[in-house]
Amino acid sequence: MGQTVGFIGLGIMGSRMVKNVLKAGYAVRAQNRTAAKAEALKPLGATVVATPREAAAGAEVVVTMVADPPALAAVLEGPDGVFAGCRRGTLVVDMSTVDPGTSQAMAAKARALGLRYLEAPVTGGVGAAEQGTLTIMVGGSAEDFATAKSLLESMGKKVLHVGPMGRGSALKLATNLVAASIATAMAEGLVLATKAGVDPTMAAEVLAERSPLIARWGPRVLAGEFSAAFPLKHAAKDVHLALTTGRQVGVPLFAAAAVAQVQAAALAKGWGDSDQTVTIQLLEEIAGVQVRKRE
Amino acid sequence: MGQTVGFIGLGIMGSRMVKNVLKAGYAVRAQNRTAAKAEALKPLGATVVATPREAAAGAEVVVTMVADPPALAAVLEGPDGVFAGCRRGTLVVDMSTVDPGTSQAMAAKARALGLRYLEAPVTGGVGAAEQGTLTIMVGGSAEDFATAKSLLESMGKKVLHVGPMGRGSALKLATNLVAASIATAMAEGLVLATKAGVDPTMAAEVLAERSPLIARWGPRVLAGEFSAAFPLKHAAKDVHLALTTGRQVGVPLFAAAAVAQVQAAALAKGWGDSDQTVTIQLLEEIAGVQVRKRE
Amino acid sequence: MGQTVGFIGLGIMGSRMVKNVLKAGYAVRAQNRTAAKAEALKPLGATVVATPREAAAGAEVVVTMVADPPALAAVLEGPDGVFAGCRRGTLVVDMSTVDPGTSQAMAAKARALGLRYLEAPVTGGVGAAEQGTLTIMVGGSAEDFATAKSLLESMGKKVLHVGPMGRGSALKLATNLVAASIATAMAEGLVLATKAGVDPTMAAEVLAERSPLIARWGPRVLAGEFSAAFPLKHAAKDVHLALTTGRQVGVPLFAAAAVAQVQAAALAKGWGDSDQTVTIQLLEEIAGVQVRKRE
Amino acid sequence: MGQTVGFIGLGIMGSRMVKNVLKAGYAVRAQNRTAAKAEALKPLGATVVATPREAAAGAEVVVTMVADPPALAAVLEGPDGVFAGCRRGTLVVDMSTVDPGTSQAMAAKARALGLRYLEAPVTGGVGAAEQGTLTIMVGGSAEDFATAKSLLESMGKKVLHVGPMGRGSALKLATNLVAASIATAMAEGLVLATKAGVDPTMAAEVLAERSPLIARWGPRVLAGEFSAAFPLKHAAKDVHLALTTGRQVGVPLFAAAAVAQVQAAALAKGWGDSDQTVTIQLLEEIAGVQVRKRE
């Protein structure tokens, strides 16, 4: 406690996670690419700063929560980045979802600068971010894990030390691959049943038994509600990273590769900012059927 | 009550379902291709008969629970089949998983003989069959549904009238398609994580959050335990029927098609009688990694 | 020569093949579901008859060239079908594309009636049908092959005895699987290059080096010309039969399964009567790009 | 003529291409990572140098022909790289197969250093490299294309100016995507036919009609001969780059994604240095059948 935490990246997830860090009593130096989002944290006691470099200045731990590997490279390595602002010995904790290779490369660069580094991607979605009940999958050394543990527990209920650097990312990619596969399976099942004449509400109810994700997603899909809980562009990026990792470590992912192309088709349609469940619209368009409940 | 029910097909599911029918007080005329399984029902009060035709004789309702469309055709249309043994007005209730086209064709043949017909495929697995808590998806007329309702409620907790003939099958195929997709996603996620260095037990624990199926399957996969809860050959048949239905009604199923090929590969390996989760072994062999816990 | 041949099925292929049979001096009894097509053969010396049964009457050899297994069953087994009209010892030669299982089942039924049976599917397309240069892949006994050889050589340049019943179909399905895969690969390559800014005409020219099929198809696609040389509905049926055969004999077909779903999507769009290359329109619609040359 | 050309990368393709450059009268400064390969060019008049930097020194044009984007980055940007050795105004011509994004990034870096840059990937395989009949797909400015044209014509028969930077790569990836798809289709067709009982030699002969690639590959596969004409690891890299480009420009590639996973599985088996046709062994292992001719 009393510790100072730099927190960079206040998107859908980060803006909720940082509040739990503040509640737990940490001093927070918050930064976001679009500054407006950071301003909202001032009343909660955060110090709002303009650059990742400033967020890192004077912090014992710096958390990053950004969109993808290029965004991570920018906030860490950029001229006004974290690496430029840290003093030696600072612990950088990247909570973004990237691939093991990216984590390993960034960790190596951090170590070369005398910094410590953990990857700590999360699962659980917006609700768990809000309530501080995320599952957090940490890769890195046991010592660094011990340092970050209390901080991470302010954001998550299940904080796992998965193994050395890269293992946290690998598990995160595996779990997001499963979620994206379930989203596609739900879409295929719902559109098939609906086109075959089944009432979509009844179909969604039966499919909901297969996964709590479907129980959560089904009613939103029936309502034609695709505002992003987890944007398709991020979900597609994660499946892409899983496939990339599969190539590298030697695991074919036959079904995930098909999922990735359904996502690519939906991205080509311009739906990247909608929720990942929006892929169902692709099948609806091709099949000429509407799962959405009609008034 | 007091009603006589012919029950044909006493496999993994049927042998459990029929016990709940007996408990509910129905007189049961039970038949199975391999007679030994039927004998076990005698102490419970069932009359054991040698052919589907005899099972149907004198029954008000005849239930069939067999492997696939050819098996159904055999028990219904064969020389010693149900159609040969029924009196006019008998209600045939097929609880097997077949495709909508098969249900529609059989129903038409039944009607031409003056019989009534329902399709009533189930979901929930062995446990739900045992406890009488299956979900039962019924296709056919409202009148026939009303006739069968009490009987079906002896076997299931959620007995849904999905719509006209074919709709019950369509929904059943959709839900099995989702289950098979989740099995494949679990396999891909577990093998990817394991090959990337994650402890498989931890990976299975995290993936279990995605679906109660994974929560149930994960520990069995880790134990290298593939005795069939739902044999791969049946799971593969259902995905095949879902794809066939998709072709017929006009719904592409990109990911399910990949799932079907993973299953086809596992069938080619000779694993059809193992549980559907056995497909993970295909990925393990290709990737050169073992998810199974080592002693 | 002087031999009488019943010829049933005068579609895009059959109507061209029968002309070469007539030219070779056979007496032909021609029949087609829609009679008008048969009429056109009268000036060439054919006897036009109303039913498959009549076509078979008095013929030493009966050729069938129809759309799919159900159509074959209808012309052979129907009340006015070939089996009803043949005298014992007649040789039935099915030149349709069906699966090995269908050929084997039909051959067994023919044998039971005292008939002889060959399967003899063809490849080469409309041009080769016209010029009598088809490749013909025959399954059945060596003796029956010897009987049919001259007749088949009137239609084809390469007449192969592939092996026992079912082998001809299997090879035919394999070759159509390859053609459909090439059609899909061309579509993916052309749309990718075009969306990335390459002139489609130049792209088609370079891709044409990969296959004479692409050399033939490319200019038609650039012209937006999809009148059927080989209708999508037949091409999709053949890939489906290949996948079915793969399941049965134990061969996973990962890429063909994806091809089948691209076809299923194009069928769902209502393009079944267009040429199989029409699947490119699916990718064009999703990608929002036109490969077709603009004036 | 009389012009000096730096030539970097003397692998399977480069070692053949450079000989045609020498024959056309250019002064060549040749370099390869493993020096032995360069030595063989001395008798033909090449100057052999130790580093890309030295190859570039004094050259008007520098050709690079290496494995993939990281290898290209190394020879261009490394401390002893081309960029370090060029004088302003030198034309760098990259003939490797990379993705459009890599070409565009490298071209931008070259321009920033006052250099000129073309991408000029090739197709045609080892034979065409040897005979100087490659197809060369050039991306870059018309002026730079004009400068390089004679040099490129010493190596290729069809030298196309595809468009601005990135277009050459896009077309090259499309054509390799088609080739890899044909390799997979051949494997699926051959294994399916063989498992179904067709003689593989006859099957290969019939499938050869579909593509000159199959005509060339078939006999090698039958001979169990997989020494690399085009190594799987490169073919897989190209399909991966095509998929990456598809994601970026918005084109789903459903079948190519399945091809990529078949390749990934074969890579996982350790077959990356064998010819890309080696993927057939994956299907053979799963199907338990040998396409290879038995003595």
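Order of writing sets the chain letters: A, B, C and D. Residues in each chain are counted from 1.
The rule we apply is simple: a contact is a pair of C-beta atoms (placed from the backbone, for glycine too) under 8 Å apart; a residue touches a chain by one contact, two chains touch by 3 or more.
Just so it is clear, the model here is predicted, and its values are computed rather than measured.
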Task: Compare the CA centroid of chain B with every other chain's and tell me the farthest one.
output: D
- prompt: Higher C-beta contact count, A-C or B-C?
  reply: B-C
Interchain centroid distance [CA atoms averaged], chain B/chain C, Å: 37
Message: Between chain A and chain C, what distance separates the C-alpha centroids? Give it in angstrom.
response: 51
- prompt: What residues in chain C touch two or more of the other chains?
  reply: 246, 250-254, 257-258, 261-262, 265, 268, 286-288
Query: Which residues of chain C touch chain D in the complex?
result: 100, 123-124, 135, 137, 160, 162-164, 166-167, 170-171, 173-175, 177-179, 181-182, 184-186, 188-193, 195-199, 202-203, 206-207, 209-214, 242, 245-246, 249-259, 261-262, 283, 286-289
- prompt: For chain A, which residues count as touching chain C in their complex?
  reply: 254, 258, 265, 268-269, 282, 286-288
- request: Could you pull out which chain D residues touch chain A in their complex?
  value: 236, 240, 243, 246-247, 250-254, 257-258, 260-262, 264-265, 267-268
